[in-house]
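Each chain carries a letter (A, B, C, D, E and F) given by its place in the written order, and its residues are counted from 1.
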């Protein structure tokens, strides 16, 4: 059984590689390489897999899951510039793929190992990424 | 191949354990333990897995699946108080986890065993549960 | 110019008139008259009309509007039984119409009179009410 | 890791079998067998599974995936009558199941074999099909 | 006070003028002029304006409004080809504008004149029309 | 009669006043004043009011409206930093209120004066602004 909590955060970012020319960055990353950044309303869904606790009827208390997401993910990324404000993206491009991987790794470390974990991250209504650690 | 039918129902419920004090119920279940109940617009997605019937082009006729959901799930839970009106929740807490398990068990019994079955139940836009019987 | 803040609350309710027979209540209010209540995820949109403050660029600071809605509306109705827990509905039926009127009146009293006010309240994806005091 | 691109197309179709009587078509396919067709806003989600390219941070460049979907799926089906205009449905019924299978097969042939592929196709807000080739 | 009921219908249509050449039809109506039709999931919102009945707490009983919409609009247009099956569009183009005008006129005639009436019709997530008879 | 076209753009921005201290900016604009910017998926709805052209059945050809929005609004603001890249916000704060006012003024100048114009701009699912020039 999986239970899902949905949260959102709003951040600025830019896709580019320092060791590429501006032309190559524009060719590969298009408008996403705009030097002054752009931004998104990210929608994060965190799926936790486990069994129902017979006493509470919960797989995991969503208050606890919500606090985990707020403390370790939203407080770090919400209303930030992912490239400038977040050490996680100092050396890797803040693509939806990399952001979802970073979020999965953050939560995996904080979540009891008895639970399975999957992260779904939408950058826009047209794009999303699913990552479960594999 | 999986085919999904989406239906909704509106119900009242309350999370609590009779053998716990009011304080403990409030501590664990928060506002969800309000003695006079609160309620939700539940969104139910039923996924049926099978192969395409070459004659009709259907995995399952959605009219049949829809009727199954209406007769055995919606007529039982829609516009009800899950704690007071529904025998299924006499001894178990109507958490999203338990409701989705009960719905899965009801539909599993009615659905031809050649089909796979998965249930997704949303309590709010922020919470949902996925259950496939395992 | 109008600015809108969207919030949600989850509540139980029942539609009925004490001075009507059960049969008449069932005839007029259908399943909504279920004696043990049912419930909804209400979606509340609050529109405030005014002019842009040249200093901040705001019509109204949404933090202030949000706090107003939380303190005077959500804390009162969220995770409650509107019929049993809320004095506002002791003598009037908690239809979407009456709930939106009550919310409008609550907010109208708290909001600076220089602002226009309109309330949109959805009971389900299929039903909503718009009220601006007229 | 899976990445998803969402696109839409609008098409007319009709469900029926030529070798069945009108009565039988109506009995099995209901209003979907209307001889003059009806139509839908189809929502197509294409999931591509792979690993993150360490240079770009992409599983697949969404520009490339988008162009693939536009060139081989949308240009073929958008604003068409699936039964009359599309050879793919000359001999098979354009059910959501068959349309998603056809789209999967089209994209599977065009997509590098190193990638996994799954297609989700919604016909309405209430119906969708998931197909990954198995 | 306005109350809104949301319903949907699925129909095929084509935009063209008989007295224009195919080239002119294509130039003006683009892919919407495809001779074999295409189709949409139309979303219809019907707003009824009135005062709260103090006895029921309703502006209008939504069961009555729903039946009106089903009997006079959905039964006429759902799963139809607007150009071929619906006399209303024999001489006028089934644009979203004209469909919403026709629906408004149908409902205006059936709805008690004490109520105000507004119709919102979406053809896709990107296009909609609002009509109140003026 | 009003017809609406919905488009989206993704941009970075920051709310602050140069002549205020960092403390005052933080107090008034909260996390929105983050010096390195954050961002949003803006949803823009443009409502054009007019009468139906009896020849086409259109109030306005949506292709023309779409091109107008793309050429004069999206090409200017999409994937930009509103504060740094857009002269319009050199001296005014890019609040949702001010952005919608700027967009309305841009479109008003380009749109035939026979049409009415209203702009609805959402910054997140919880906040939006409506502006019609008054």
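Methods note: contacts are C-beta pairs under 8 Å (C-beta built on N, C-alpha and C of every residue); 3 or more make two chains touch, one makes a residue touch a chain.
Everything numeric in this text was worked out from a predicted model, so none of it was measured.
With steps allowed only between chains in touch, the distance from subunit C over to subunit D comes to 2.
If you take subunit B and subunit C together, no chain is in touch with both.
In terms of the stated touch criterion, the partners common to subunit C and subunit F are E, listed by label. Remark: subunit C and subunit E have CA centroids separated by 29 Å (rounded to whole angstrom).
Shown for subunit B are the residues that touch two or more other chains, namely 125. The touch graph of the protein chains shown belongs to none of the named shapes.
By the definition of touch given earlier, these chain pairs are in contact: A-B, A-D, A-F, B-C, B-D, C-E, C-F, D-E, E-F. On the side of subunit A, the complex with subunit B involves touching residues 1-7, 47, 52, 55-59, 61-63.
Subunit B meets subunit A in the complex at residues 15, 17, 28-30, 92-98, 100-101, 125-131, 134. Residues 8, 10-13, 31-32, 34, 36-41, 78-81, 84-85, 124-125 of subunit A touch subunit F in their complex.
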